[in-house]
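The structure appears right after this line, and notes come after that.
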Amino acid sequence: MPLLERSDWYDIARDTNWTPDFVPREELFPSELSDPYDIPQAEWETFDEPYKVSYREYVKVQREKDSSAYSVKAALSRSKFHDGLDEGWASVLKLHYGAVALTEYQASQFQARMVRFGPSPSMRNMATYGMLDELRHAQLQLYFPHELLPRDRHYDWAHEAAHTNNWAILGGRHAMDDVMMCRDAITGAIMVSFAFETGLTNLQMVGLSTDATNMGDFTFANMITSIQSDEARHAQLGSPAIEIMIKNGRKAEAQQAVDVAFWRMWRLFAITVGIPMDYYIPLEQRHLSFKEFMHEWIIRQYDRQVRELGLETPWYWDLLKDDIENHHHCQQGGIWSWRPTVWWNPPGAVGPREREWLEEKYPGWNDSFGTYWDVITDNLLNDREEKTHPECIPIICNMCQIPISNRPGKLWKARVYQHEHEGRRYNFCTEPCRWIFTTDPERYKKHESIVDRMYSGEINPPTLDNVLTYMGIGVVSEGGHDGHDYRWIDGFRAQAAE
Amino acid sequence: MTDSSDFKPLKTWSHLAGQRRRPSEYEIVSTNLLWSTDKEVPWELAPGVHMNQWYLKYRDASPLKHSDWNAFRDPDEMVYRTYNIMQDGQETYVDGLLDEYNANDHDGGLNAAWIQQLAELYTPGRYLLHAAQMGSAYLVQMAPASTIVNCAMLQSADQLRWVSRIAYRTKELSLAAPEAGFVDGERGHWQGHAAWQGFRELMERTLVAYDWAEHFTALNLVAKPAIDEAFVRQLGSVARREGDGLLQQLMDAHQTDNARSRRWTKSLIGFALEIDGNKDVLGEWVTKWAPLGDAAIDAYCAALPNADSAASEAKGEVEAFRADLGLGR
Amino acid sequence: MPDMDQKRRNSVGPVLRAGEVADAVVEAIQEDNPDKDFVIENRIAYVRVETEGECFIRQETLSEMLGRPITMPEVEINLTSFAGRIETTDTYMRFYLEKEL
Amino acid sequence: MSTFPILSRFQYDCHVKVVEAEAAQTMDMLAEACAYHSIGLHVADQPGKILRVRPTTDADDAEPWPRDMTVAEAGIKYFDSIDIYFTDQSKA
């Protein structure tokens, strides 16, 4: 006789709420950890995750996924792929693993919050798989770069980065701790599962796989798309939570959670995905521009999903569209200029052909970002390498912790958005980052950016060496240098010779 | 800054490079993964934020102390991919059991009295194990080292495994005995039947024991052993006597997961007992929680048919487990 | 680009890792949704399959196209993402939108 | 300490930079200090033009401070954002 189908017994396994008698319910599900919106338990029991799986199916399917991911890795390990690897692609890997590996691990702790404090048993079960998924992602993304350690000390950052105070890591931790680690189960489900995992993770884990395949890095392409297949499932924890919120008169709160989380993640992902796609990947291997991927996955698909659930397009959507044309170009410049502060070797990668591509994909690039690189190119062509290293630092945003920048050149838009709160002045990169602060000043007000720390005495004295040491440079590994040893200016030499 | 010549390529992570032997896959992917234990303020937000206060109070200020929790190792060295390989095999075995008994119309051969016992004493167990799933997940959030977190994570998943299998059996039994109250009756039994009230009190109180180490003690030294011995082992034995070979074999399969849980529990206790003062801390918690565990066992076993010695056997086994950890009463 | 953003605003469908399962899905989904026009975008590492409003992947058809039996949970191995809402059952997956914009 | 950080919003530069200012500096000196971190690094020089300093405002339309006014006299404080911008000799 055939075994039962999953649907025959699935609902029984998620019918596990009971009424506590020995301890008060509010002690069992404290609102700050569970549901701060006072939505009745019966409402949460209507939670129905659209993407279902059983334990039995889970261990079987996940075993197969891993079997595939690890066998592709083994095959590539035996090949000579990493010998003579382009340093642009190596930078993608170094940046990716350093930013992602331990973040995935903390995500398993966040999923555990939903397992323990989720008011709906369905949510608790789904999040149990989510928790395991994130363990998988952390372990894959530690095991794979570990093999690269004998090639390059920078790969040690896959494990160490999150333990340092590197400026890029402070940005990552501040955002992740805000959106993921310091939220109740419900707000977290909206912020992480919906706003993050149905949106921007697609860029990093699916969009980037196209470039990886073009590079011949099938291990990486296979790994990240396999990771996203887990995310696609457990991300579905978010939409029922949003719908229950709206049904119970909490649309405004759900909207704010989505808008805050999306913007915070956007500011990070433009760096970890946008820069690789438009600069680090050699021109011949680029498929679409970051902007094109953003329009495919975010402007069209994510926004559609937001509206499908009954929320509105975020108020800052026009600002986002502008930021898509702008933010990662600025940060490519900043990261390259301050390359000794990062754990990868960012290529400038703006030779004549690359500039032509950038101008085509981002009309106006030459008049704006081009002027910035003109000065740098001129310095390099005229043996003034030292002038490519600034002696000062950029001001850092008190929300996203990223250097405050905007379009240079004719279209000059660089500006700091300031805000006074209880006698302290805060500096923000954009209107949305400032807005996020005002939604909950208590949450953010005591935090110090790395620039604040240079003036508050935490980094004392704030000499260049001390700041670099504070950031883990010269501690975990050396900092970065131009990934192509400035070969990208050769095209200009050739032009000049003609 | 260090001279660049110090940065030779590595064979393993710098934090493992000091040890003599080559690190295992387990160590490479499992050790020192928490960033929230690096600094005085756990999370990169204002120190006063509720979650920072929660971690400072319930994790960092726990009376159970160790200067290097990260040195803990899971004796099974379980990683995600080996867990799935192992559990896929275990689940295939359970599928086989269910298929085989189903083919022989096992449920049709059960007597009415036993079916009633199953409805009252077996299928409501999904609430019990789900509570253990939630409690284990609390440890995932709060344990001070990733190697401890991982053990708790797989323990939480194991509970869901058996919640699912109980749900599966609940449906099967409801088809065999539509009048016995399966599917809809379990919550009433869990909340009202005398057999479950000890367990329910134990689990509700365990779930609000928010100090991470007290939670671990209540869950892994008291509640889970009580569940393992009374619900899994004693009910399994009764099933054997009642001719319910399927339940007996399911419970035997369940014990495999319990044994793994006990192995890491024993290792973690041994690790904690290296530090002066921890024995007293753990001893006090055991003294506080063990009576609740005993009461749960007593209440549950009293309801088991023809099982006069069940409670004393179960309590004896639980006590022996703790004695083996050096924490006998 | 704004044109594309506007035109396909009610698009739904799976995004699959390139490979034999993706190829089989592309065939099966068109067979099972004969009244629909599909846009199939090959992005080298992944394939985006989209249509307006609603579409199904059925286990039976997919197994036929693949030439071997496949369960719906096994589709997850290659289902890296999707547009729209999802419904997962033992015998089919459905991608759909409730609101038309 | 007589120096303190101000935010240099230097015309045409991509980044807003932290530059040390001194109370006794004139605006010309402050402009020069800011220029040191932008011109020739990220911004092309414009020989013949004069750099002026004004408070940052939303519309970029504030009056510049007199070139010989000091930082203290202008009331520029810790982490104030100021614009440094190119002007024609005649307008200066």
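The first chain written gets the first letter, and so on, giving A, B, C and D; residue counts start at 1 in each chain.
Rule of thumb we're sticking to: a contact is a pair of C-beta atoms (placed from the backbone, for glycine too) under 8 Å apart; a residue touches a chain by one contact, two chains touch by 3 or more.
These numbers come from a predicted model, not from an experiment.
Between the interfaces A-B and A-D, more contacting C-beta pairs are found at A-B. Rounded to whole angstrom, the centroid-to-centroid distance between chain C and chain D, based on C-alpha atoms, equals 57 Å. Rounded to whole angstrom, the centroid-to-centroid distance between chain A and chain B, based on C-alpha atoms, equals 33 Å.
Note: centroid distance chain B to chain C, computed from Cα atoms, is 39 Å.
A straight line joining the Cα centres of chain A and chain D is 35 Å long. Shared interface positions of chain A, i.e. residues touching 2 or more other chains, are given as 60. Under the stated contact rule, the graph of chain-to-chain touches is a star, with a hub chain touching all others and no contacts among the outer chains. The complete set of chain-chain contacts reads A-B, A-C, A-D.
Within the complex formed with chain A, the chain C residues making contact are 1, 4-5, 8-11, 15, 17-18, 43-46, 48, 71, 73-74, 76-90, 97-99, 101. Against chain B, the residues of chain A that register as touching in their complex are 1, 3-4, 8-10, 12-13, 15-16, 18-23, 27-28, 32-33, 54-56, 59-60, 62-63, 66, 70, 102, 105-106, 108-109, 112-113, 115-116, 121, 124-125, 127-128, 131-132, 135-136, 138-139, 142-143, 146, 149-153, 156, 159-160, 162-163, 170, 173-174, 177-178, 181-183, 442-447, 465, 468-469, 473-478. Across the complex, chain C is touched by residues 5-7, 50-53, 57, 60-61, 64-65, 68, 202, 205-206, 209-210, 212-214, 221-222, 225-226, 228-229, 232-233, 236, 239, 287-288, 291-292, 295-296, 299-301, 304-305, 307-308 of chain A.
Those residues of chain D whose C-beta lies close enough to touch chain A in the complex are 5, 7, 9, 11-19, 36-37, 40-44, 56, 78-79, 81. Residues 1-2, 4, 7-15, 25, 28-30, 32-36, 38, 43-52, 54, 79-81, 83-85, 87-88, 91, 94-95, 98-99, 102-103, 126-127, 130, 133-135, 137-138, 140-141, 146, 149-150, 153, 156-157, 160-161, 163-164, 166-168, 170-172, 183, 186-187, 190-191, 200-201, 204-205, 207-208 of chain B are the ones touching chain A in the complex.
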